[in-house]
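The two complexes that follow have chain A in common; it is paired with chain B in the first and with chain C in the second.
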Partner chain A sequence: MASQIYQAVVDGILVGGVYALMAVGLTLIFGVLDIINIAQGVLVILGAYLSYSLSTRAHIDLFTGLLITIPVMFIIGVVIHWAFIRRLRGSERTSMTLLVTYAAALIIEGVLYMLYGADNVQLKASYTTSSVHLLGFYLPWIYVYGFILAVVLVLAVYLLLYRSRFGRTIRATMQDETAARLVGIDVNRVSALTFGIGVAVTAVGGMMYGATNAFNANSGYDLISRLLAIIILGGLGSIGGALAASVFMITLESVVTIWEPTWAIAVFYAALVLVLVIRPQGFFGRKEVRAQ
Partner chain B sequence: MPSDSEPALVLDGIVAGYGGGDVLRGVSFEVPQGEITCVVGPNGAGKSTVMKVISGLLRPRQGSVTLAGKKLNGRSARQILKAGVVQVPQQHSLFKDMTVAENLDLGAYTVRDRAAVRQRTDRVYEMFPQVKEWAGQKAGALSGGQQRLAEFARALMLEPELILLDEPSMGLSPIVLKSVFDAVKRMNADGATILLVEQNARAGLKLAHRGVVLENGTVRLAGTGREVLEHPEIGELYLGGAAKTA
Partner chain C sequence: MTLSRDKLPRAGGLIVLLALAIAFPWLFSNPAVTNYGVFAMIFVTVASAWNLFSGYSGYISLGHAVFYGSGAYVMGVAAKAWHLEGTAVFELLPLCALAGAVIAVPFGLVALRVRRHTFIVVTIAVFFIFQLMAFNFSFTGGSSGLSSPFLSWTQASFNLSFYDIALACAVGTIVISWLIRRSTFGLRLRAIRDDEDRARGLGVKTMRVKLSAFVISGALTSLIGAVWFYYETQVQPQTGFDPLFDLTVVLMAFLGGYGSVAGPVLGALLIEPGTLWLNSQPQLSGIAEIVLGAVFLAVVLFVPRGIIPAGGEWITKLRTRGKPAVVPAVAMTKESVPAGTPGGEK
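Take a look at the complex of A and B:
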């Protein structure tokens, strides 16, 4: 039993890394821009399909393919911002973003059905099926790579936000949009680029999700509710929080699955409620960071 | 103190408002170069709207705003900032989660030359040594009065042609108010042209070279600070009785 629990914890940590890759973009967009991007789940699937096409048609390795899919997803993010979000203003803006990003999700889902059909597919490479035996555990290579990638990506986004001049303009916009305008920050440009970055990182999450799960155009909806729960638990806008909450939630789910798989999802959300009762701002959220 | 200075800013026949109604209905006045001009008036007279029109946050429906002969209306807030008009709004506007030094650096966001930014920071610290002491602190940890001084310092980072101060005394105790108004005087003595909107009309007019009284979106009276302060009717209406000549 003990070894089963250890294995479940290790699995949870590794799979949590994959979820972190998907959640980082969402928390960036939600925490910084006050945009609830319901399309993030479908965008993960779009990222997975882009990797799928590159892999099956052009025979490009999944990781090498990221050099193409990340910029493509960035452009798609900027286009979504331009087409759907740019014009939204006023006190209803955040709730309106929920509707318009849902519209974007439906459009993307429709296009994916048209192009790829309804059958499930999965990304394949030599490392998606092989494992390494380390310290008594069987660790699938793809999850090991995914976890390393998650840590690198979280670090990169953190450095972008807190150590770069552009990151400072993002944080300024996040804290007080009017004051940001008054110092000359082009708030629309910063919003579009931040949204683009938030979507670009889903290319990585999508590739990892597609390499570890079978998916079709409809798979995004299962993801988005989990991802929202993760970023709320981690603290909205907290990049490290997204990683910590992903690992915590998925490990918990993985351990509960040993005894009762049907309860795993319920425990996932029960943990969310319990943590928020004790700490409403989530693990790493700060109460008054965002300008309201 | 009548002014012979060239106007830095000229507002001519400004009509502006929100939604269907006009808040400003043909506002015209001048802000002389190198002086402090104070706009006073009752609530709803349009004082803050004047500021928004000048800084480009609100586009006027009619009329023109000219800075040193160049037309400002129709330009974006960012372009107006680049033209040299910087606004310190009524509500505190520091980025509270950043240090004072980071805030100052963002004040010069539109300046690309990093050496120039460093020079300006030194100059601003020289003018406001207290702000230098707070440089490493989070802006949100400062008191209301300290935040105001740091906001002034941030505004100076652009070496602006004109500084718009929208009710800098808002929410400050009388002692703190004195230090904030002293800072306004210091910025002016250093050459800054200042347009001040003040709810505390008496204190604002005493500080200013020129006064403008707004009423129902029009200019009721314009003159030197003292003329406005001593005008019997204005005194009765807005200042709780005409000021005694000191």
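Take a look at the complex of A and C:
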């Protein structure tokens, strides 16, 4: 029993790292643009299908394929921002952007459904089925590789945000858009690039998700509901909160799965509701200040 | 209440519309067409019920499928437990509405503590909890769902009777929505939409007001969810708790005019037959979602305030063309509130 729990914790941390990457993208977009990107879930699935096509049609390795899918997803993100989100202004912007990204998600889902059909597929490579025996744990290689990659990328995002000039403009925009504009930051450009970066990480998330789960065009709903719970628990717009909440939640879910596999996902929502009752701004969130 | 000269044509128009709605199934008796009518009335009810909370208070709920599905399941489970059949099942409708109200209280107490994005996300989370419960409990029939009790109506009278029931629900909901909009309660709700902190500062008990509207909206949605279940004769977790349901309802309200009484009605009448038709074309599978998404994007980008407010403005513009404006130009300052802004509607 105890070893089962340890195994679940280790699995949870490894998978949690990948969720952290996807959640950081989502919370970064929120912080800079004040938008919750509902399409993030289906974009992950789009990333998974891109990897799938590259590996089945062109026989490109899953990890090598990321060199293609990451830029592609980045461009898709910038295009979505340019076409729809940039244009929204006014008092109802919050709800409008949410609905717009939801609509974008529907369109992408419909296109994926038409292209790939409703059958579940899974990404395959030599390392998706084999595992390594380490310190008494069985660790599937894909989890290990994915975790390492996720850590590297989260670190890269961190360095970009806190150690670069561009990162400083992003953080300035997150703190106060008007002030950022006043000191000469091109807020539109920062927003577009942030949206691009936030979407680009879904390429990695999608590849990892596709390699560890069977998926179809509908799977985005399951993902987005988890990701939303994670970023709200962590506190909207908080990068550190997103990291902590993903590892915590995924680990919790994987431990609960030992006893109650059908209800494990409910842990997410139950935790979300509980936390919001006690602390509406989430673990690491700032208290919402009055708009205007 | 006496009707002024302004109101007379309006009341007359409403009576004509109502007469047309009642006559509809007799004019087009083809069951395929009356089926569209029933669904249109169901969604007129849902969109109006959604609007009387979300449209008036500004709290966009993407969790109204919780009420819709719960209404359906409550009717299914209760009819099975008490061995009800035939028309006796309709006696359960008040119970279904009550169930919606009861669910809305804890749901609202948690969700309405947070605002804006977080509120929307919490409603989505609650929605997924309910879908998961419908999948996992044994009394809900798991993924195969529940079938309704047998109803011995003939094919022809089946659609007609359900049309009348759904029409009654729709008219009732529209009247409630209209009454709320012109009451102090409605004014408080719209004050919350415009500036919740200021409303609270002026003495509006915001939580109580929001929660009341949420409960009324939830009860009405559950009621029509139960009607839908009996009409469909079955419910599964993914049809009762359908993620597309909420988006469709929100789209209806936004297309017609979010926050107005007539807007959601118009939106539902335009969209529901369209989606039904798209879904009935097997060669177009997958296109329905794309079309829904594209229409949505077009609405949000080009008529963000909906057809009814935008159309009303356009008509006013046409009528006042060439004539002097009602307000003398001298009095127009930059500070004067332009007509149509949320705070400016009086």
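Assume the second predicted complex is superposed on the first by the 275 of 292 C-alpha atoms of A that agree within 3 Å, B and C clash if a C-alpha of one lies under 4 Å from a C-alpha of the other, contacts with A are read in each partner's own complex, and residues count from 1 in each chain.
In the analysis below, a residue touches a chain if its C-beta (ideal position, glycine included) is under 8 Å from a C-beta of that chain, and two chains touch if they have at least 3 such contacts.
Here the structure is a predicted model, which means the values were calculated and not measured.
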On the A-aligned overlay, A:Phe84 touches which partner chain: chain B = first, chain C = second, or both, or neither? second
State whether A:Arg168 touches chain B only (first), chain C only (second), both chains, or neither. first
Comparing chain B and chain C in the superposed model, the one touching more of chain A is C
Between chain B (first) and chain C (second), which does A:Asp119 come into contact with in this model arrangement: first, second, both, or neither? neither
Have a look at where A:Gly110 lands relative to chain B and chain C in the superposition and call it first, second, both or neither. second
Does the superposition put A:Ala179 against chain B (first), chain C (second), both, or neither? first
Pick out the shared contact residues on chain A: the ones touching chain B in one complex and chain C in the other. 288
Contacting residues of chain A [partner chain C, same complex]: 30, 36, 84, 87-88, 90-92, 94-96, 98-100, 102-107, 109-111, 113-114, 221, 225, 228-229, 232, 236, 262-263, 265-266, 268-270, 272-273, 276-277, 280, 288, 290, 292
Touching chain A in the complex, chain C uses residues 58, 60, 62, 110, 113-118, 120-122, 124-126, 128-129, 132, 135-136, 195, 197, 243-244, 247, 250-251, 254, 285-290, 292-294, 296-297, 300-301, 304, 342
Contacts from chain A onto chain B in the complex sit at residues 168-169, 171-172, 175-176, 178-186, 286, 288-289
Which bits of chain B are touching chain A when the two form their complex? 55, 57, 77-78, 81-82, 86-87, 89, 93-98, 102, 105-107, 109-110, 140, 154
